[in-house]
Amino acid sequence: MAMLEVRDLHVAFPKGKKTEVEALRGVDLTLEKGERLGVVGESGAGKSMLAFAILNLIAEPGRVSRGSVTFHGENLLDLSERDIRGIRGNRISMIFQDPMVTLNPVLTIGTQMMETLRAHRRISDAEARKLCIEGLKQVAIPSAESRMEAYPHELSGGLRQRVVIAIALLTDPELIIADEPTTALDVTIQAEIMALILKLCRENDVALILITHDLGVVAEVTEKLMIMYAGKCVETGPTRQIIDAPTHPYTSGLLKALPQNAGRGTRLYQIPGSMPPITALPTGCAYHPRCERATERCKAEIPQLDGRVACFHPLNTAEEVQ
Amino acid sequence: MISLKGFIKRFLSDPVAIGAGIVLLVLVLMALFAPLIAPQNPYDLMQLDIMDSELPPSWQPGGDERFWLGTDAQGRGVLSTIMYGTGISLLIGIGAVVVQGVLGVSLGLIAGYKGGWVDSFLMRLADIQLSLSTLMMAIIALALFQAAFDANVYADYAIIMLILVIGIAEWPKFARTVRSSVLGEKKKEYVDAARVIGLPARKIMWGHILPNTLTPVLVISTLQVAEAIMIEASLSFLGLGMPVDRPSLGSLIRSGFEFIFSGSWWITFYPAIVLVALILALNLLGDWLRDVLNPKLRRGDD
Amino acid sequence: MHIIAFLIRRAIQAVIVMFVISIIGFSIQDNLGDPLRELVGQSVSEQEREALRDNLGLNDPFFVQYTRFLGNALQGDLGTSYFFKRPALSVILDKFPATFELVLGAVFIFVSLSIPAGIYCAINRESWLARIIMTGSIVGISVPVFLTAIAMVWLFGVELGWLPAFGRGDTYELPWGWDTGFLTWDGITHLILPSVTLSSIMLPLFIRLIRAEMMEAMGTDYVRFARAKGLPTRRVRYVHAFRNTLLPVVTVGGLMIGTLIAYTILTETVFQWPGMGFLFLEAVNRVDTPLIIAYIIIVGLIFVVVNTIVDFVYTLINPMVKLPGAKG
């Protein structure tokens, strides 16, 4: 059995008094031990929603309305608040997007690290402190001992994200969910932080779900890939395969829009239009208004994922190539 | 922002807003038409008869049909004094807010638009004034005013003094809000555009920025009228506000207070109910307006 | 912000406030107070009065007179009360313990109630109890403090007769001359109604403020991250979220000091509480100018001192304000 299996996951938010809208409309994913998965899509596609739903951390008034999240054979969504707390930050850790607002401004780095350890391990203060300093050294923070007493605002953005990574790794988790871990950082240190995450995952044999809108990053870090659009997975498979031969028109559009794929002197490609908000989804395939391959069928019917792609007119398939 | 139609629809679907609106409307109409509908004119000394003093409400034993809510110690009908008193409370409340608004909006516009030392000076002053507390400043100012002049002079100018004191003390609330709106608006293109075509600063401020700051000003005005009425009532209760022969709701409560213990509860009770209803209706409407027009605006701070 | 810059700004503000208050105090004395009234009777001729004025320096230029006033004030001499025939400052200070204990009682009540109520309403936003508290708070804001006081006196003092409604009751004099009502049962029962009244006006404001700030904190990323770390709910709420609501609450609390002092005047008047506010109103009615001036200056001083303390507490709980020499 796989380590993590997400089946038909739906997340709904109330709209008005009686109706609900779905931010996540049936998502499946499977992750083995030590495997790295990239989740890619534009903002609002439901990527972060997926991350929070896995740990049953959807903020009120939203809720997981259907589906299951099975971790080592146990449905996390069925666990009591107390039991799932034993998983959060312990066996599954998260790294948030913006380190400026992830750490509590009125607590020291040391407090915020030690409380994590003490929530999950029965150890003395001295031991916890020792482990935290080791953790800080592991993410290459200089003068780790003195940083324990520092407050978040005394550190740079890059250092803060290193602290967040150190917190995520403190409890030797089996899985880390990183929600756009480099987006909020200075461009010059983005690659450095990404490399650090990849290195630590490899060394500790930790599985990774990397949520990003950057296909370029995913190609370097992950083995599997999942493309999301308007709350659904539209294409999934091995990273290399998808990047070399995308089958969904949306994936193909995203790849064409990458700067490195544009020819010298040509204008950067842009997918026409923008993603609809979840409150105003079109009928049929949510992508059809922007899709150059769309037909009448796409407007009427919602395509289902056939193992690789959810599209009635995919590209690069056997027939297409012939 | 919200359209007028949507605004009316929201209003009609909210029972609290409707209730507060009706209470306010009834009280305002009652005050406006007091000279026409009040059973007696409490200012007319000829109508008063000391034999009528401290009569209980008409349905109680010893009550008199002429005085539905009873009479006070001077034989004035409580219902009539409430009608006139509500008018005085509203007049001072609204007058004070007009003064606050004119001062606050102008100074806020200037601070926000000019920036620099003008801005820091005005905002520093606003900070200090806000922390000194309006009620405290008003108590001291009126205590001095009362100590300086004799009772007759004081009685003549009490309304104007109250309006000015409460008005001047509370300008910072408007100024801060207008200033922050101006800072927001200043960044927008139309102000740049106006500047590029060479409109003078004053024209840009009054013609372009001011209309866009009206929403928060409306919300604050409603809450500030409630606050001003409350402050006026407190001052009058302390004997620093309206004199007993031209009573506001606060001075009515003051004059009735000493009779509570002899059993004449109605002299205090009815003005108190009207005062609370008036302030509550204004507060509820102000809160409702704020939620509808601008959910970000919070009470007391911006 | 650097703490020294902060303290300097604070000190400048305090000096400005005290300067304005001293000018007000002086102009009151200059225009209202007639020192001759207490020195001589009506029978003294105009020439003798004029000579006396010269002697007393009352015809000196404004600046000279103000400097003299300031010099005396700094030495604690604010004139002699016309009514009590005693130094105004000591008359006022005798009443200080009564007002202080009233405020202390009120602060104790509204702090110990508003924090749990505000947190509860933020966490259980939709529960019926939270709705009742929030509705009650807007009603509470709309009832003037003197009406609450009258209602308390009437209901608990007169109709039910459960609690004393007037005065301070028995007090006990502490060795340093402080009259306390805290040490006698009678004193404590007398304190209940006035301090409940005084807290009733602050309570709804603080409940609303704490609720709003707590709700904001509960929605922040760091609280979400704290939950994602698997921390116990109590730690997430009371350490991560509540700590961050303290900063704005302390700031607003500091801003409310002036209002609180103003409300003591109203409360003391209704309950005939022998404090500074009650004394002040009596002084106004008797046109006892030195006493009025002394009250204004003492209140100004209290205001400045309390605000400085509040700001200092703020720097202590806000790590963004650093002490010089701290590492970072």
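Letters are used for the chains, namely A, B and C, taken in the order the chains are written, and counting of residues starts over at 1 for each.
Convention: contacts are C-beta pairs under 8 Å (C-beta built on N, C-alpha and C of every residue); 3 or more make two chains touch, one makes a residue touch a chain.
Here the structure is a predicted model, which is why all the values come from computation and not from measurement.
Colleague: Note the shortest touch-path length, in steps, from chain A to chain B.
Modeller: 2
Colleague: As a test of understanding: of all chains, whose mean C-alpha position lies farthest from that of chain B?
Modeller: Between chain B and the rest, the longest centre separation is with A.
Colleague: Between B-C and A-C, flag the pair that has more C-beta pairs in contact.
Modeller: B-C is joined by more C-beta pairs in contact.
Colleague: Approximately how many whole Å separate the CA-defined centres of chain A and chain B?
Modeller: 54
Colleague: Indicate the whole-number Å distance between the mean C-alpha point of chain B and the mean C-alpha point of chain C.
Modeller: 24
Colleague: So what's the Cα centroid distance for chain A and chain C, whole Å?
Modeller: Roughly 53 Å, centre to centre.
Colleague: Quick one: which bits of chain C touch chain A in the complex? Just the residue numbers, please.
Modeller: 219-233, 235, 239-240, 243-244, 247, 317-320, 327-328
Colleague: How about chain C: which of its residues touch chain B in the complex?
Modeller: 13, 16-17, 24, 28, 31-32, 138-139, 141-147, 150, 153-154, 158, 205, 208-209, 212, 252, 254-259, 261-263, 265-266, 269-270, 280-281, 284-285, 287, 289, 292, 296, 299, 303, 307
Colleague: Please name which positions on chain B make contact with chain C in the complex.
Modeller: Residue positions touching the partner: 128, 130-133, 135-136, 139-140, 143-144, 146-148, 226, 230, 233-234, 237-240, 250, 253, 257, 260-261, 265, 268, 272, 275-276, 279-280, 283-284, 287, 298-301.
Colleague: State the interface residues of chain A toward chain C in the complex, per the touch definition above.
Modeller: 55, 57, 59, 81, 85-90, 93-94, 96, 98, 101-108, 115-116, 119-120, 146, 149-151, 153-154, 164, 167
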